[in-house]
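Residue numbering begins at 1 within each chain, and the chains themselves are lettered A, B, C, D and E in the order written.
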Amino acid sequence: MTGLAVLAALALVIFFGLGLLRIHLGPTDADRILSIQLSGTTTVAILLLLSVIVDMPALLYVALIFVLFAAVIAIAFVRNPKGGA
Amino acid sequence: MTEWVPVLVVFVPFLAGVVQFMAGRRVIAWWPVLASVATVAVSLWLTFAVAAGGGIEHFMGGWQPPLGIALRADGLATVMILLTAVVGGLVSVYALEAHGTGDPRASHFWALWLMLWGSLNALFLSADLFNIYVTLELVTLAAIPLVLLAGPEKTVTAALRYLQFALFGSLLYLAGVALTYGLAGSLDLALVGPALTDGGITGAVAATCMVVGLLVKAAVFPFHVWLPAAHGGAPAAVSAILSALVVKAAVYLLLRLWTGPLAGLADGLVAQLMGALGAAAILYGSIQAFRQERLKLVVAYSTVAQLGYMLLFFPMAVAQAWEGAVYHGLSHGVAKAALFLAAGNVLVYLGHDRVRDLKGLDRSLSVSLLAFGIAGVSIMGLPPSGGFIAKWLLLRASLETGQWWWAVVLISGGLLAAAYIFRVLRYAFLQAPDRPPATTGPIPPPIMALPATLLALLAIALGFTAAPLLALLGGLPEGTG
Amino acid sequence: MTLPDPFALAAAALLALGFYGFVVQRHPLRRLLAINVFGNGVFMTLILVARWMPGGPDPIPHAMVLTGIVIAVSATAMGLALVRRDLRQGDGKDGGDRD
Amino acid sequence: MILFDGVLALLIVVLAWRCVTAGDLYLGIVVFIVMGLMLALSWARLDAPDLALAEAAIGAGLLGVLLLSTWRALPGHRRQDRDHPPARKAVRWLAGVASVAFGLVMAALLHALQPDEDAAGALALGRLTEAGVEQPVTAVLLNFRSYDTLLEMGVLLMALIGALLARTPLAPYGAATDDGTDSPLIPVLATTFTPLLLLVGAFLVWAGAYGPGGAFQGGAVLGGAGVVLVLCNRLQGAPEAGILLRLLLVLGVKVFILAGLLMLPLEGAFMAYPPGLTYPIMIAIEFCLATSIAVSLLLLFTGTHGVRVPER
Amino acid sequence: MSISAWLAALLIVAGTGFFFAGTMGLLRFPDVFSRLHALTKADNTGLGLVAAGVALLHQSWRHAALITVIWLLALAASSIACHLVARDALARGEQREEKP
């Protein structure tokens, strides 16, 4: 069973790498933030799998912190305190 | 009781700084005075305790190394703490006026300076490689905001560059510490030596990372690029503290590591290379100091040069070189603080510090200029002064070890120092003013002129007090050379 | 000849890339990024040292990394404030100086 | 698993490379944030869940938010390299060769490194029962090497003073002239995420005694709650700090020092906790530390002396 | 292998498939809005399936509850984030790409 989880984690980390291409290509800043968003979700999924693979429930808290901060990053992106770049 | 003193030396000023930050401007009239006096008092207590009973060791939390962190007040640490107390005490007197009730940022100045004072003492006492990293960062992160106190508009570029170099230097040092822990399984200075010596190439790389990191922090040529703008742009009291104490802290660590854990690795060629860096710093810094148009930059480049002398210890590594290098640290600290305070007074009075426009100041600023001249005597290394004793010891060491080329460097460095000091004095004293100088400020009150004078006189007095101080320092640590 | 730990290679690469970025880049914000990359290399080195200790992960390097992260983040945060100030200079307009 | 590790390590290296060489500064920042995610993953893989937590909260989370906000606050024409071009080609090549050599040396050394059997860490694990907490990292941070932790709080405080002296607040004092955060979802975010962040933060502080967590991770999450409020305009910068705020800022370092000094006459050493009282003292210190860390990080983010609730 | 293990395996595999779809969508779709669309669907479903699988494997109610919270928060974070990004992109005048 762990074998399958490892395979899934491996697949996810490879998708993660593919998703990075969008960060590289852009073209807009919004695309890049979207990539961060997908990276974040993928990371959370990998962390969940890792928590089973290495039997470390503490990693669930790491995943929790990630989802909590994911939204914060998005607001930091759209927030424009000086009213226009 | 005496085994508590190292703790008090760190935490009396540190806590005072924290309280100052919290209490803000309400206590500005009396709290800094109280804190400075208390800090000087505990520092003197430590000095007398070590002089009377030898080194003091304190295990933090009661945990002995390698598990815990030790504070060790040996001779070297104690003389540095004494230097900090003397320079810090007199600079504090100056700052009572310069950063007193009239300065809107006085509270920040005192909070940072008192915490910096405690951090410096912590750095000198630390006997743990990682704790040294933390204290290095403390010292840096206190020093950079202090530079900003001159007004963020003017100094931010210098402060930013200082921060970048300092951060990179300390992370490089930390990389060395990481490798060292991997080799030795310990961080205590007294315990990691054998593992580093036997560590082969890993030990050598670990040592290199730590030494290069500290060289960056010490602004040793060619890593000096951040120093002149930061030291030249800061407020006078801050420049004095940075030049006299803060950069010296990194050089102090080089001496401490080289004669301690790295002693087994010290290789002739590397030592000569360190000496060469020192020589390059002396020549380059002095020439640059001669070419500067602003008084504070002259003094700042002079710091680049003067730090080079302390590096001449490494190739010689005999008892006299050890005493000479440390004594140079002391006398330069006192003299350089005097120079910066005097230059600060010029700046207050004239509103600028262009060397060519110092004409006619000898009437109005006689005390400060006198201090500048007297401190200059020690920087040049003329007798009778602390600078002379230090250079004399280094000169004898170079002849004793048959490395005459360092003697050439020492003598030419002295001549170059004479050139840049006399250049300033010539403009200030010898050129008859056609009209009184255009001033923008008041003549600095005695409370700002006297600390500079006292520091300058101390630099001379160090020419007569070598015996007790060198006895307190103690000889070259065993296993070096 | 054992296969090298991929993370050891990554740590070395982070150190090298951080160094490269620090030397080559001139934009202050980029320099701060490079310094942080280097710092992450140091932290990874420490974590590897901790992991290789026989008898379980060594808590002392872990504590060192935690301290290091907090110091690096505080220093970077201060650096970012300085960058904001530095890059607004010389624009001749409001420098955010409303303090 | 070695494949997973390999891909992860490779991704980190590629990201670091893009981060330092990206043609566009914004791209560099985004890549840095993503690298934080990968680092947290690899630290989880390297048996360091504490550090994965810290990286998630501080390294990737708060630092990422701060980097993005700083980039946003820069004048448009200063966001690129025009005024700060990278070094000349010759320097680049030289630096490239030097860093490749440096990297190869470090890789070889790390490959050959054989840590000491009786390292200080083994001692720490062996004497855990004397430390008052079960979690080894917390035992090191708050007991065996508490002095480092105390000084580190000083670093945080001084970095804050430095940021304040630069006078470049990220959170404007007046009404926010904001075009991005007037969305109807923002109040939802503020009201659901803030309490959750507070709850999780407090939990992590408390959990530090038993498992992964602790004052820094918890404090950072608590600080993150404040940052959310600032980003949603529920809090704004204030030019002055009240005494309460300043008290909270220095609470950690002050309680730590005073407790330490108190132990000098009682136990004969700075911060030597009396047996039996170790656990309660450490938990108390931990909460004070977390409070100060949270407030410091919040103010480091806003860049202001204080914060206040805006008038409606 | 028990039924729950089989179920978990199935869920994880399905979740991974959704992540694949999401990543491909992010890479292949022509403009920011359609990419956004692909992303929110795929990653939320994918994460949900993986989370369910992992929760089954953990065999602990406490952990399962925590995993559910994580998933719900991820849903909230993702929808808020995508909404904000879309508004921002609209405000800046990003155009939908018309297929020729």
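Everything below uses one rule, namely that a residue touches a chain if its C-beta (ideal position, glycine included) is under 8 Å from a C-beta of that chain, and two chains touch if they have at least 3 such contacts.
If you're wondering where the values come from, they're calculated on a predicted model, not measured in any experiment.
Once chain D is excluded from the assembly, the chains that remain, linked only through touching, form the groups A, E | B, C. Steps from chain A to chain C, minimised over paths through touching chains, total 2.
Using CA-based centroids throughout, the chain positioned farthest away from chain C is E. Chains joined by the most contact pairs: C-D. Using the mean of the Cα atoms as each chain's centre, the chain most removed from chain A is B. Centres computed as Cα averages put chain C at a distance of 31 Å from chain E. Between chain B and chain E the centroid-to-centroid distance comes to 57 Å (mean Cα coordinates, whole Å). Annotation: 28 Å between the Cα-based centres of chain D and chain E.
The set of chain C residues touching two or more other chains comprises 15, 28, 45, 49, 52-53, 60-61, 64, 67, 71, 74-75, 78, 82-83, 85, 95.
Counting partner chains per residue, chain E shows two or more touched chains at residues 73, 76-77, 80, 84, 87-88. Looking at chain B, one finds that residues 130, 134, 137, 141, 144-145, 148, 152, 156, 179, 181-182, 185, 187 touch two or more other chains.
Contacting chain pairs (ordered by label): A-D, A-E, B-C, B-D, C-D, D-E.
Touching chain E in their complex are the following residues of chain D: 179-181, 183, 185, 188-189, 192-193, 196.
Per the touch definition, chain B reaches chain D in the complex via residues 3-4, 7, 11, 14-15, 18-19, 21-22, 24, 58-63, 65-69, 105, 108, 111-112, 115, 119, 122, 130-131, 134-135, 137-138, 141-142, 144-145, 148-149, 152, 156, 179, 181-187, 195, 201-202, 205. Interface of chain D with chain A (complex): residues 1, 3-4, 7-8, 10-11, 14-15, 18, 26-27, 30-31, 33-34, 37-38, 40-41, 44-45, 47, 49, 52-53, 56-57, 60-62, 64-65, 68-69, 72-73, 76, 170-172, 176-181, 186, 189, 193, 196-197, 200, 204, 207, 211-213, 217, 221, 224, 227-228, 231-232. Those residues of chain D whose C-beta lies close enough to touch chain C in the complex are 2, 5-6, 8-10, 12-13, 16-17, 19-21, 25, 28-29, 32, 35, 39, 42-43, 45-48, 50-51, 54-55, 58-59, 62-63, 66-67, 70-71, 73-75, 78, 80-81, 84-87, 91-92, 95-96, 98-100, 102-104, 106-107, 110-111, 113-117, 119-122, 124-125, 136-137, 139-141, 144-145, 148-149, 152, 155-156, 159-160, 162-164, 166-170, 173, 214, 216, 239, 293, 296-297, 300-301, 303.
Those residues of chain B lying in contact with chain C across their complex are 130, 133-134, 137, 140-141, 144-145, 148, 152-153, 156-157, 159-160, 163-164, 167-168, 171-172, 174-175, 177-179, 181-182, 185, 187.
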